[in-house]
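Same chain, two partners: subunit A is paired with subunit B first, then with subunit C.
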Partner chain A sequence: MEYTFDEYQVVNKKRHNRFKYRGSKTAYLMLLPAFVLLSVFVILPLVLAVVRSFQDYNTGAWVGFKNYNYLFTLDKLYLKSFLNALIMTAIISALLLIFSFLFACVLRAMNNKFGKVVKVLIYVPFFISGIIASVIFNLIFNYGGGLITSICVLLDKDPISFTSTTPLAYIAIIAPTLWLGFGYNTLVMYAGLINIPEDYYNAANVDGANSFQKMIYITIPNMKNYTVLLVINMVTAYMQMMEIPMMMTGGAPLDTTLTPVLYLFNSFRDPSRPDNVTIAGAIILMLLIMAVNIVVFKTLRTKRSEDA
Partner chain B sequence: MRNVNVRKLVKTIVFTLICLIVAAIILFPIIWMLPAAFKNKAEIWAIPNEWLPKVFYTKNFEKIFTSNLVNDYNFISSIGSTFLVSVIAVVLSLLVNMFAAYVFANFEFRGKNFLWYYFLITMFIPGITILLTSIRVVSVLQMTDTLLVLIIPGLVSAYNIFFFRQFYYGIPRSLEEAAIIDGCSRFKIFFKVFLPMSVTPMVIIGVSVFMGYWNSFMWPTLTIVNNSEIAQVMQVIRILNSTYSGEYGIVIAATILSIIIPLTLFIIFQKKIIAGIAVSGLK
Partner chain C sequence: MKKVLKMLLPALIAIPLLASCGSKKEQEEPGATVVTMYLRNFEEWSNNYMNSRVSEFNSNMTDGIQLRVKFFEDEAYTDAYKVAKEQGQAPDIFMCSYGNIFNDLVETGDAVQLEGLIKQEYLDDIKDNVKDMMTYRGHLWSYPQLTEPSTLFYYSKSALARANVTVPEDGKLTWDWLYDACAKVKPTLKRAQYCVGIPIGSAAGWATYGMQYNLTNGLAISEDWKQCLVTADSGYKDLCEFWQKLYINGYVPQGAVSPKGSYNDIIEALTMNKLAMTFGGSWSIAEIMHTYPEKASDIGVAVIPTKSGDTSKVTASNGGWTYAISSQSDTAHREAAAKVIEWFFAESAERTAGYFQAAYYSKAAATKSVANYISEHVTPSMKEWVDVIDGVASKAIPEAIYPWSIACAVTNMLETVALNPEAPIINAINACYSSISEIINSPDFPKKPE
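Coming up: the complex of A and B.
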């Protein structure tokens, strides 16, 4: 059989594709379980959530942005919980970044057996859940006989109630959260620090740079990628904080430590709160987290291509 | 020269001190908690509080092991069912995610790009956004109050697929080509070549999946409502916490029992886990 040039090209392409796509069937088969599970338990609920955020809860009629509007004008509680979470996320992330960076620097300098043991020890809380951490910290913060109350009584001072004022309630939530996250963040920072080539520091030493200059011009700029990744992780996790606020303060005082997820948890099966409104609120939260992620990923990618 | 040595020594001492202080602060809450499990009602909230109990009280543990504590909730059986759920989930989750990662790393097929982004986008969907509608989905599937609802919805994780794919990229292509020429099916290659080579990432991801299931609270609380037999550990501890706020020693004893298994895992695998952070931190 004779082919014209064009026909030959088509046949050749087909042959090439057949080689390139060999084992396609196996590929689809092996991908199937993950695809089905993801579609049923993530994508489908997401589509349903988007749809329901534009519907009336009782009648199912399309209501446009009414649910979103409700959040911003009528029931300000969700919006408030959102702002609470933002404030706490900002404080916790900033503190964790500073503490874990500084301690990672110390660990890098402690390049011995003892340093290794310390690395393992500070990582222990990472295996503890928010519920457990709250039980443990309750022994310290409890007004009616916790450690801090005991110390206050011994010092002849009035005991401190950590749910009476907002700044104190923040402390009761932030302390266990920092405790849980410190080890992981420190070890990621440490991994970043030991990846900075020693040559940079040697060159700086030749130029006569002092420790402070080395920190500002070498260490901090080289930690950009790691810092950015940690910030993504923290924003994603702490905007969804729920177990610790629920156990430590329950949202008190006056809902200033109520978080969006706790709001959702409390309003579940509560007929006075329309579900679709909270779903709309959760979608706003998702958009915020996605926006942070996309912006950060973009900056990371450009950084890498510059390096290459 | 001596001056340099002295400075070095001072530096080492200062840094050692900082390490000691930080480690002490981190371990303090746990150390403070441990004896509280042996305190009775009168001592646990005594003012001023002492670290060690005056009377060594073992009833807290006895009660946990012998009675139901709250309604039908039995703490020991919740440990059993949570362990069962977590172990099954680890095995299934590793298998499903590794399959997908292997396909994305080693196959060319139509729609690959689309599917990759379809998977990847789920990484950015927070659990809270799909919480209420997921509950709707599992109740339509009649999974509520069964072990299935605890295990299945959380199995696939785009992040874990991403992690394994990165690892498989590091395995030389020629290894697979050689196996294909020898007449191995792609399935067989996965089990004979790729699976044995990925023990380290399996440990890292396996432990993190286990911890995710062991520590999960909200999902079991909202989906296991009328079946206290398979209630999960964190769910029961929270119920104990609100019931026994006076006899808090019981809650502490339960807490200690609940961290034994995760802590054992950590001690066994700590080297791999700590080394894994350097890789997983990079994503």
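Coming up: the complex of A and C.
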């Protein structure tokens, strides 16, 4: 049978539609377990949580925004905990970015066996949980008999309490957090550094650029995507910090180290707070972190477009 | 590989066999109603005592009831209970502290009222002040085991003797006495040793209810929960000045010095010579007797120092544990659970008093019959602190049941005056007033339970 060009187009389109999804069946089948698992363990609980945040925990009655109002009017601690987390996240992220970048530069220069050993050693704390890190750092900071107190006693000085003033309490939280995150961040930075083509530096050498100029005009611009990745990770992780503040300061002094997740953790066990307030708080936190991530992802996409 | 398997196989079979040889499985009563009970992990002696009583209860093969008990750590308890409740499998019997009866049992509908389930004579046996702490909407929702005054005063006799400090024989300790004692003790201490321990952090919220009441004849808000009272008279200002004076003179440690860093184990700091004196709950006595018996003779117990030294006034709040029957249980399980509670806490004063004996009488009885039994059987060596505890517990107020955020505002006020001594005390009090007023005036603030 012979077709005109237009007829051929129509027949071909029909045939194309008929076979369009035939090859995809296997792919959909393979996706099914992941979809089911995601639905059961992520999407469904999330939907239920959103629904419950608008209900009374005991009766199941709809209460509108009552649970959310509680967080913003009746108990101002939640808002305060956000501010605390933002301050700590900013400090920790900035310090980690600077230190890990500088150490990655050192690692790149250390191209020998010792460099390999150092890479392994700095990565080890990454496998340690926040609780264990807190226990270790409690042995140092514990006012009742930690390492620093023992040194103070040896030097005939008064022990230092890391929970009685805000700057000291921040140190008690920031120190173990830096220790845990330093290895991972450094290795990501290191991976970024070794990916920068040597040709760029050779060309800069020909142009007579000094080390500082090479850092500013070659290294740092080429590390942008890695930095964005690390910032996403750090903001997401540190806005949700709980174990370390709980173990090191318990939110003291005057709730200045109370984080949103620690607030929610305490809230869940506090019978005077409505149970669904905890869920409402968790949803607010999730939305905030999603918003931050969207902003950072947008930035990442823009950069990729520029590269393309 | 086969050789390795041949060697491993007998070992793998032997280990479970050997393990099963060592474990004792309790005999079960055929056809019995199985009652589940969730308990909190407390001190080892307390857990051992409860386990032995459970075995004793289950050894009766004719009562038609078998008791299954699960112990949980403090934080895991709430999680476990909530999960079980969500699944419609709440334990038939579960624990509740006095301060949480309204929120956890009455408001939630989690518990059934005890009238009609527990024999009336056993309900009548509950001390009147204890009954007042647990009666809501005209009903009793759980059965009390004990009461624990949150604040007593402990001191090291040897530390005070070294500083030539004497404790008044009538036991009436005043703040002036405490300042004087601290001033004398401080020069005798080494670095990292302190004069007196006080509740800090969240404990300052609940462990100071007695002190607040002692100074103001009330708490931070009015009886009807409609007005903040921290500026109503000079009581809270006095409390703030007391707190600040202890801090600025360096009489108290700047942070926690006990191993777990909590008020609950503050007595350990005293036994480790980090403190010469300390405020502490009545449970501290059991801790001393079980863990540091060699220190017991050196530790004195008294009513806490107050502004006036009047020991006839309220100096502490009463905490403690009660046992509720789940509303998710069917009639047969409710009745069986009631029998279990009666057996443990009501039927026999001698049996119930066994717990207090194991606790070295560090807790006060919640029922009249047990209190009488204890007063008749207590040994003279323990009478000193039994009298102190009973005296304090009989006058103690219940823990406040208003929202915890109000107690937190008071905690912040005390912490502020302690950590910012350069700022006027009135600023902290006004901030506390504003904070509490804002909470009270919120449209979502609950009504006082009846």
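Definition applied: the second predicted complex is superposed on the first by the 269 of 308 C-alpha atoms of A that agree within 3 Å, B and C clash if a C-alpha of one lies under 4 Å from a C-alpha of the other, contacts with A are read in each partner's own complex, and residues count from 1 in each chain.
Just so it is clear, contacts are C-beta pairs under 8 Å (C-beta built on N, C-alpha and C of every residue); 3 or more make two chains touch, one makes a residue touch a chain.
Please read these numbers as outputs of a predicted model, since none were measured by experiment.
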item	value
Partner chain(s) touched by A:Leu121 [first = subunit B, second = subunit C, both, neither]	first
Which of subunit B and subunit C A:Trp179 touches, first, second, both or neither	first
Which superposed partner A:Thr149 touches (first subunit B, second subunit C, both, neither)	both
Subunit B versus subunit C as contact partner of A:Thr236, first or second or both or neither	first
Subunit B versus subunit C as contact partner of A:Leu46, first or second or both or neither	first
Subunit B versus subunit C as contact partner of A:Tyr201, first or second or both or neither	neither
Which superposed partner A:Ile132 touches (first subunit B, second subunit C, both, neither)	first
Winner by number of subunit A residues touched, once subunit B and subunit C are compared	B
Partner chain in contact with A:Ile140 - subunit B first, subunit C second, else both or neither	first
Partner chain(s) touched by A:Thr73 [first = subunit B, second = subunit C, both, neither]	second
Common interface residues of subunit A - those touching subunit B in one complex and subunit C in the other	142, 144-145, 149, 153, 268, 275
In the complex, subunit B residues that touch subunit A	11-12, 15-16, 18-19, 22-23, 26-27, 29-30, 32-33, 36, 44-49, 96-97, 99-100, 102-103, 107-110, 115, 118-119, 122, 124-134, 136-138, 141, 152-156, 158, 161, 185-187, 190, 211, 214-215, 217-218, 222, 234, 237-238, 241, 248, 251-252, 255, 258-259, 262-263, 265-266, 270, 273-274, 277-278, 281-283
Touching residues (chain side subunit A, partner subunit C) in the complex	58, 66, 69-70, 73-77, 142-145, 149, 152-153, 156-159, 161-165, 250, 252-255, 268-273, 275
Interface residues, subunit A side, partner subunit B - complex	20-21, 23-24, 26-28, 30-31, 33-35, 37-38, 40-46, 48-49, 52, 103, 106-107, 109-110, 114-115, 118-125, 127-140, 142, 144-147, 149-151, 153-154, 179, 182-184, 187-188, 191-192, 195, 225-226, 229-230, 236, 239-240, 242-243, 247, 260-261, 264-265, 268, 275, 278-279, 282-283, 285-286, 289-290, 293-294
Touch list for subunit C against partner subunit A, complex	75, 78, 82, 100, 103-104, 107-109, 190-192, 201-202, 253-259, 261, 269, 274, 401-405, 408, 412, 415-416, 419, 435, 438-439, 442-445
